[in-house]
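Below are structures written as structure tokens.
What follows is chain A paired twice: with chain B in the first complex and chain C in the second.
Moving on, here comes the complex of A and B:
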């Protein structure tokens, strides 16, 4: 008894730890991407996303004193601040890169030629000089300051409403939706009818059809791409939304029919026969009994198909043109990598725009996903 | 509200004949019970009447109209399934309304039918619940209610109580009996495994055999008191009737049989003088045995006793037979174990069979 209990709890622990590991593996990069997408390029370059969330003490890049000089008590004075947006606190500063923490806030640094520089902890500086500073090189301040978290929406602004050709993520988002939504709905409509027929209607060749569907499940997508495109060209629809809807429908149908049929076969026969005795036609049985009862399976397939079409790049590259009006998110991201590969903040924001919808769909529908995955496997 | 007639009805799945030459004449208002061993085709026959299963050959008539190829909905039948088969996504009300909506009845009509059925079945408080929020008994009543609202000519029940626990089964059985009483003009066909259900509910029982067609049709008491053949004799009654091999030694109004390895059994089954020497089987129900001191039909050592309270069942081993013999005596007799008991039976309780058929029905 004891050893069984011990083994069991060890197993439970193993499960829990693996789940935790998987969750971390998934959540950490996603969250990092989200945080990065709200930071400026400089911030991303100078520190990791994890340091963006708390007040950080860091050595700032040198800031040159600037401002208009005024005459005060016979001396020329320039006043200004290091932090126009405020909220940072200086802990140490210096005037040369060799000694960046030579002074503490409030100290006055003698710069020679009678010039002196004072910096308080809010970053306000006062440069005093006996002679006019007009035309001279002003000193630089090397400050070490703690900065509160700071985020910006600029990246999203740029990404969503920017006008650069081939990188307009906002437009691409709409294009992707134009591809994904019909490419999800059409196969479900067809597959639901087919699945009902294959599950519950008697006709010769039914078993053969089911076998054919299972066979189609294993046909690799890549194999069919080019012949299908040639076919599209031949019948005259060429590249475009109609073509990609049909392609996604075709590629999605075998799995859809298979999943839905397996689910529908598991529905109790008595219920369907009772509906038949109650006078329902096949179509009424389908719409009033089968469809509502199959909702978990329909939803789970819809989720699969939507995620897959949303994230698809290959099929879109083949069946859609490259103009702005047909560029999908994934393709736009690829373009961005090429044209703005160094601008991490732009890439992060774009990437997050493209995963936001799948994330939302996943969290909103996860209960159907789990139920649907189990469909047909346990009864 | 209908007569139902089956003429030479058969059912085959491929080469295998499940049902053979079924002839039945069911009058309006009867409650017919199908019984038979598992796999004999009770459900199949019921489903053939419902139209859910095709009829291989023969004719099914309802009210004189041939129904073989009429779709289920147009036969005027309603079926109650063993699994209830409620629509899980509809409330009780919608479950009952489904067939009426399909038939495009007016909302008032639907409402009236549901209210009436709910009252009969005491379902009024549950009308807006989903089936999953009902107990087994309530679900069963919804299933029956769904049949009632359609006001069918023939009700078909396939083991409607077999999913209920013992107490609920008794209660629902009585409800069904009352339901039948309230609707004396409706015809019902009822499939069951349960002998008590069959004996208490049926106006006539149809005993089905495995692959041999109908064993016997008759009122419950007819089947119990005058079984036509060994199969029915053994199927009706629990424990089953004992069959003892023997030979007729005296014929006439009272027949005397010499039981192999036993004594003389007297029976009121009449025989003719030509029957003398005929090999027969004497059938005696366990509850018809009486302990005796003299003239025993059978005597032997009690192997096992089962005291059930109001009766005690005694199990004997019989020499030269692989079937034991069971006697059921009123009262508690646990002390009889390992003793020798002699048994006899009243002559009118002794059945005689030759080649499996009763000598009463020659």
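Moving on, here comes the complex of A and C:
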């Protein structure tokens, strides 16, 4: 097509570059958080995540000399290294915060009282003193070194299993799953029956009901919060899982009925008519023919509902309690943003724990998601 | 573990209950109430098929009625009450007297213009560009990805982008790191003045075009457009909004061109009054553009090839093909995408709560309402705010219902 008109190569390049720029714009923020979630808190706070990807020269936070002293040639000596894991290269160093680049690797610094300190480019230091160093404050080293990329899984371990974060993300993960799995499965069945009736049965008021479903599709659930909370308190279930399952079921139904009805209307009429002629009951037609044929639409809705219930914040804040046993991931994240907004290592790892499952579902079942979107919006 | 057990039991009871209900009620209808045999077989079959739809619909109708329809009326009633007694419109007048409410309304209007417009524009751009390149599907998949991320997760992602460190330290937020590269030289001129002004000019041109297409039939024919008074009113309203947008954009361009920018200083983006709204909106645009892209991409593919071939043979260039052949043919879909995103915007809550919680003049209606309900425990004013959201959604609701009724006839 494009080649018919000819002379398009420059334009094609422009297209490739623009798309690449847009994709980068869309992916880089997420990627930044992902990289950050594998860095230590100090690393995140001292340099941008983009610098974690390559070897970087930076001034390290001061490291105090430590180690066991040994006597050697009448002097007391402490040997050790700044980089137990190696792989870093020192370019300059100093012994006070006012002159952090006073020496080059290999120099010997005189510290007074006859003490001297030597540091080589691999970070190995030798502290020599004429008197015992036992019980004295040992000097600090301010090194500027180039460090290779370094990543850790500790953040994930902390947020999933640690007790120090205040909010256990591992527990919240379980709570979120508890909310979203029943809230995904139950509406499907109720909606499928209703959609079948609206698609293939003739009765007075059908058009009105379809219109009502379409109307309810856009009703903001903000309106439902207080009346339903009062209703739940009145029937005695209060705040809890039962309440949120019911709420999610109710809120998900319009979309479910709408999607499924649109799909079922398109099924071939012959199959259903033939089954009726052969004496199948409506219930049999529904379970044996309609349900299996509607699988793509059921899958579409299930993905929508799962993503929506997993990612929801508002309904969970209103219909669940605030205790550890009912805090979902999104609510826990909001709490963390409030209480530990500067601890990026905790935030980043927590965010990725909450994002992981939806992203997996998204990439695994994108086909159905797209199909559902198209059925739900394009007329 | 107890809750996992509870969840499993709920799944079993819920699914089993549904199946059991449908099976048993159908069985009861066919075998006991109106058996399809005996002397009245024909009449019984007829009666059973009149009742059956309602059996199928019953659970859905109860759930929808209780969880969506009833709350609308209950909230309307609550908004007219204070502490259990009827007070008429007092809650509304209280709300209208609050500066925070007007701030929310103003911000919501800004959101309503910017987010659907930007999401649709990006979606259309990506859909068109990826249409013919070999890695188009990968690109689309990546741009679609934020759809799967929760608003809160997206807020964390973008909060890192907007993070600020004091001057002199290494910036860890991408935006500040980029910002510090600008020094007022030629690069700054291009990226911070010329390109934004061009984008705004494009937006103004778009608004002018929409306004003109709306008003043109009224001006040309003189005797009023077809479609009657309501449609005419709609056209005039849209044209007025377009005019207001043009005015806003032009003043914006002027402001942008003359502003002195604080080069070299890291900015705390989320506390920059007025502009912080746009940084919040970026998050939603980032999420919604993928949605727009998927739908518009399908619409673009459905355009009949003959129209494009004819245009190419007539010597149209790619831009003409896009704007004069493709866009008019998918106008209906663009409207659907626009309205769908509009509804999302009206309900936006999580992003504002997570990023600023309405501080620094970023409040929006949904978060204002949440504040009233659950922090100030003022159910009356909260309900009034909820009713305002409902009122803003209503035109779309009516439009959708109208379309479906038309389609079903």
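Keep in mind that, in the parts below, the second predicted complex is superposed on the first by the 309 of 379 C-alpha atoms of A that agree within 3 Å, B and C clash if a C-alpha of one lies under 4 Å from a C-alpha of the other, contacts with A are read in each partner's own complex, and residues count from 1 in each chain.
In this text, a residue touches a chain if its C-beta (ideal position, glycine included) is under 8 Å from a C-beta of that chain, and two chains touch if they have at least 3 such contacts.
Everything numeric here is computed off the predicted structure, so don't read it as measured data.
Asker: For A:364, decide between first (touching chain B), second (touching chain C), both and neither.
Answerer: After superposition on chain A, A:364 lies in contact with neither partner.
Asker: Have a look at where A:293 lands relative to chain B and chain C in the superposition and call it first, second, both or neither.
Answerer: first
Asker: Touching A:53 in the superposition: chain B (first), chain C (second), both, neither?
Answerer: Touch status of A:53: no partner.
Asker: Who contacts more of chain A, chain B or chain C?
Answerer: Counting contacted residues of chain A, the larger count belongs to C.
Asker: Let me test your reading of the model: by the given contact rule, A:104 touches which partner, first (chain B), second (chain C), both or neither?
Answerer: So A:104 meets neither chain B nor chain C here.
Asker: Touching A:278, do we find chain B (first), chain C (second), both, or neither?
Answerer: The answer is first: A:278 touches chain B but not chain C.
Asker: Give me the intersection of chain A's contacts with chain B and its contacts with chain C, in residue numbers.
Answerer: Common interface on chain A, chain B vs chain C: nothing in common.
Asker: Sort out for me which residues of chain A touch chain C in the complex.
Answerer: Listed in rising order, the residues of chain A that touch chain C are 1-2, 4-5, 11-12, 15-16, 18-19, 22-23, 26-30, 32-33, 36, 44-51, 174-175, 177-178, 181-182, 185-186, 189-191, 193-194, 196-198, 201, 203, 206-207, 209-228, 230-231, 241-242, 245-247, 249-251, 253-254, 257, 281-283, 286, 307, 310-314, 317-318, 325, 329-330, 333-334, 337, 341, 344, 347-348, 350-351, 354-355, 358-359, 361-363, 366, 369-370, 373-374, 377-379.
Asker: Give the list of chain A residues in touch with chain B in this complex.
Answerer: Touch list, chain A to chain B: 268, 270-271, 273-280, 284, 288-289, 292-293.
Asker: Which residues of chain C touch chain A in the complex?
Answerer: That would be residues 3-4, 6-7, 10-11, 14-15, 18-19, 22-23, 26, 30, 49-50, 52-54, 56-57, 59-61, 63-64, 66-72, 74-75, 78, 122, 125-126, 129-130, 132-133, 136, 139, 141-153, 155-161, 163, 169-174, 177, 286, 289-291, 294-295, 298-299, 305, 308-309, 312, 318, 332-333, 336-337, 340, 343, 346-347, 349-350, 353-354, 366, 369-370, 373-374, 379, 382-383, 386-387, 389-390, 393, 396-397, 400-401, 403-405, 407-408 of chain C.
Asker: Tell me, which parts of chain B touch chain A in their complex?
Answerer: Residue positions touching the partner: 47, 50-52, 71-74, 77-79, 81-89, 98-99, 102-103, 146, 150.
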